[in-house]
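Paired with subunit B in one complex and with subunit C in the other, subunit A is shared by the two complexes that follow.
The block that comes next holds the complex of A and B.
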């Protein structure tokens, strides 16, 4: 028996063909099904987070609206635009790989990487702003600022008249998560649209409690950081993939007959874009009218 | 060369082939960097056995502690850690990978006539992920362990427990990706790697079971991954996603946890059902009854399995209307399981039943899974569950399904395919003895726990009222028998590696594709790529093998 064992070493193999497949068609189908199954897995992974978001948003809509309004919708919107354009350049990368045009393929990979890096850069600016404003939901992870010596201690105002401390007024000696303003809860109370969970969750002894409101806003920022953080991690993985694609494309691995890795990386890149397309309205846009209409 | 000649050439050849997947290369690197699914399966076999041994040691400790009503062997805090680690080791590091990663990995490509899994490198990556996760979990265990129970219920796990929840949580998070990648690989392989003629309805039911379980692995596991990640981050950041004291929602944790962990119990039984379908049909020498029904009942269990998680929350403050829906759906999921049981029984009817060791395990599975499944209906019933929640009744129920189901099926499958994996036969006598000991020991261990639970003994306590002692002594005695029964295969399997009789290609005289290559198979599985012309479980002429004639010759040889 054994003497027949390695007879297939003289059989012609197409260059990209792995040993376990009998032809390129089988390999392409396998890789494609594998990638789609992986993306289904990713949907379930983010799905758990989206579930947590939806549960807490429906429980504490005003706290989430308050948190949402502190996000920078301009930077978020810019990032959305950047990612959509990067999807276009990614699609063009795949297109030129299929056409066998190595030069344009490399150019569009570089452009895709540029937009991906721009996204991460803008994201880093946003994260830094949160750090400076004292709304990172981990104690000690915010910028520290002592109250100026001899400053008058302000009279304690009820939380719905308080303003969030920003700029020169920012005082945060221990780097805590700080949040003073609960005016949106007051608005909902006055106009009588508090949810059941809010009626229990914002009040102590029938009075609006700024600390309890702050805890709910902190949940928003926790979800914001986990969701955008995991998304950014996926972007970083995408950039690593792009670097590998760039190298292999540079070496001329791809042609009109063999471009599967490019197409699969493209699927991944588009998926990560789509996650952001959901994250942006959920985190940045929902609830803005509560502030801007009143 | 047509298929029949090809198989005839390789079917009855005795002895061990000069070059096979075990001795093709022998360096350590050739094992650690292999892309061969069979070698990866062997490495999984060794690894899961180690974790089974660790988990088993914890189980023995629990049973010893419960021998007496007072908490005398362990203090209560240590006891909490011991049962937690028993659960974590057994569920995440033994039961979930056991049949898929060992038997599935080894057999799926051979059964469908492929050279390897579709994504061999991913397969190796998943083994390494499993090792990393296992090492991290063991590290967490050495530095102090966890005491939350394997369920990690919040807010205890997020706020109050002073143990190593983050490390072990992250270990399980990492381990999840091993499971996801294995499932993904199986889905792709079953879709694209089938040999010519191997249509979907010619697949062995073992493969159908693995297709169903892969769907659950790919779609369920990411949810527990993100949940445990949230628990770990919440412990670190002190934000109230799950802790109600600062606005979180502990019921949300239970929903997310059981959204995976209920389907996960099907991960822990569907592959076992696949193995048993093979055993029952092959050792009855009869075409399986209702092939399509068994195949689709696996898929149905996988689908319905995603819709019943709420039955773990009947007393947790879930809406009673949701409870009613979940209770109903729980009854529905019993239907496909029952379809399997009836079809196996009908398969054996008028079959030529051979009581070899694997079949003893297969029959043991049917008996134990029947009890496990029926008591599941008790727990799925909305009213009765209030009485039984968190008692030993629950413990007995899920051990009947997981140990009586999956572990017994795993042992049966291991005995059945051992000659294929190693080329050697184990001692049939000791095999039968161990199968009997496992069955008797298992029932003696866990049946008393149904009674204890029904009488109200709660789970997860080191001490109990003295009136429960008699049944606990039965249980501990049974556990000793069970332990011996499960350790015996380790000895005679190892013995067989050196001194076992050479098995030959087809020791059981069966028609499946895996019996048409040499034992152990060559690295590329088949010397000539097979073409399938026969229906599944075809014992007659149609199989292209002269099984009857060979059986007669064997009987004559035995008579001489």
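The block that comes next holds the complex of A and C.
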């Protein structure tokens, strides 16, 4: 051990053993617990947003249901399947790394990157649709949105009969969040299942107030963009990680005895998949039965 | 060699196993999509939410146990996983025991 300095860490040890560890098993355990501590931290990181979602959805369930129904559940579901396929290809990447099969390992890293990129592409289409429809919850960002055709006619109606129409007329110069339809609040009022917060939060002088309902829907879209945005950011980081993994796998860094970087990258990728497994039902699906089963 | 400690030499579930887990995840996704359009609230209020979350938890468990190899991991890893969800449960329960017990849910009126 004495003949070499710290920089020659590959001289006497097993290839891949970092000099601060005494053997491969200790290295694997240390790397794993480090990664899981990071993932536990990530769970808390996303957990804050899930808590915000829990609080506001329990207060304003019908506004959240209205927002969920406006999202494209088919695109969201497609993205869920795309991520699940990418999780399978990631699991197989780790499998072939364990087998020391460099060729298949590279192919499955490329497939994982392909499906990860497909997810981000579909997400971008969804974001673009929201922008075009004027339901970005930031004042001023919806100024270019095509406001509903016949919006003047719709304005004359009570909000529970108004529809979120699409059209060409331009009537939103301040770029405000565009939302007219409060029919789900009306449904809950008629069937008597408004929450206490909703009874105060949707009404002015005992009448359903479209503007107050809109502001609660806006909270849903704010959470939608922040939660999916943070998730998309994790996907981008995952793709950078995959690029590095592809390069190192191509250079032949990994073999049947040393593949921990592949396994740890896999843990990160699967974690991001799990976050989406919860985001999909919470954002896209809950409350759909109010519209689709009636 | 420590490397060949039986605890660390494992086959996991192999390709058929991975494909099986994948199949379950796909069925869960398509199932949750269609169940969301059925009015289960007739059974009891909140049934739709409960079913959607149960499916999501099941999917998560399969991903963690098999794709993330927790099934074959050391007890230290199990502890890290359980601790993470335990802290999350603390955050949810203490936040909600505040919000759910407020008189009106809003500050005005």
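Things to note:
Methods note: the second predicted complex is superposed on the first by the 265 of 294 C-alpha atoms of A that agree within 3 Å, B and C clash if a C-alpha of one lies under 4 Å from a C-alpha of the other, contacts with A are read in each partner's own complex, and residues count from 1 in each chain.
By our rule, a residue touches a chain if its C-beta (ideal position, glycine included) is under 8 Å from a C-beta of that chain, and two chains touch if they have at least 3 such contacts.
All figures in this text were calculated on a predicted structure; none of them were measured in a lab.
Judged by the touch definition given at the top, the superposed model places A:37 against both subunit B and subunit C.
Legend: residue contacts after superposition of the two complexes on their common chain; A:99 is shown touching neither subunit B nor subunit C. Put simply, more of the residues of subunit A are touched by C, taking subunit B and subunit C as the two choices. When the two complexes are overlaid on their common chain A, residue A:58 makes contact with subunit C while staying clear of subunit B.
Once the two complexes are laid over each other on the shared chain, residue contacts for A:90 go to subunit C alone; subunit B is not touched. Applying the stated contact rule after C-alpha superposition, one finds that A:157 touches neither subunit B nor subunit C. Of the two partner chains, subunit B is the only one touched by A:45; subunit C is not.
Contacts of A:139 after superposition: subunit B is touched, whereas subunit C is not reached.
Legend: residue contacts after superposition of the two complexes on their common chain; A:222 is shown touching subunit B, with no touch to subunit C. Contact with subunit C, but none with subunit B, is seen for A:24 once the two complexes are overlaid on the shared chain. Across the two superposed structures, the residue set of subunit A contacted by subunit B and also by subunit C is 26, 29, 33, 37, 40, 44, 47-48, 51, 55, 59, 201. The residues of subunit B lying in touch with subunit A in their complex are 10, 13, 17-19, 114-120, 122, 180, 184-185, 187-189, 191-193, 218-223, 225-227, 230, 233-234, 236-241, 246-249, 252, 255-256, 259, 518, 522-524, 527-529.
By the touch rule above, subunit A contacts subunit C in their complex via residues 14, 23-26, 28-29, 32-33, 36-37, 39-40, 43-44, 47-48, 50-51, 54-55, 58-59, 73, 77, 80-81, 84-85, 87-88, 90-92, 95, 98, 193, 195-197, 200-201, 257, 263, 266-267, 270-271, 273-274, 277-278, 280-282, 285-290, 292-294.
Per the touch definition, subunit C reaches subunit A in the complex via residues 1-3, 5, 8, 12, 14-15, 18-19, 21-22, 25-26, 29-30, 32-33, 36-41, 45, 48-49, 52-53, 55-56, 59-60, 63-64, 66-69, 73-74, 76-77, 80-81, 83-85, 87-88, 91-92, 95-96, 99-100, 104-106, 108-109.
By the touch criterion given at the top, residues 1-2, 4-5, 8, 18-22, 26, 29-30, 33-34, 37-38, 40-42, 44-49, 51-52, 55-56, 59-60, 137-139, 201, 212, 215-216, 218-219, 222-223, 226 of subunit A touch subunit B in their complex.
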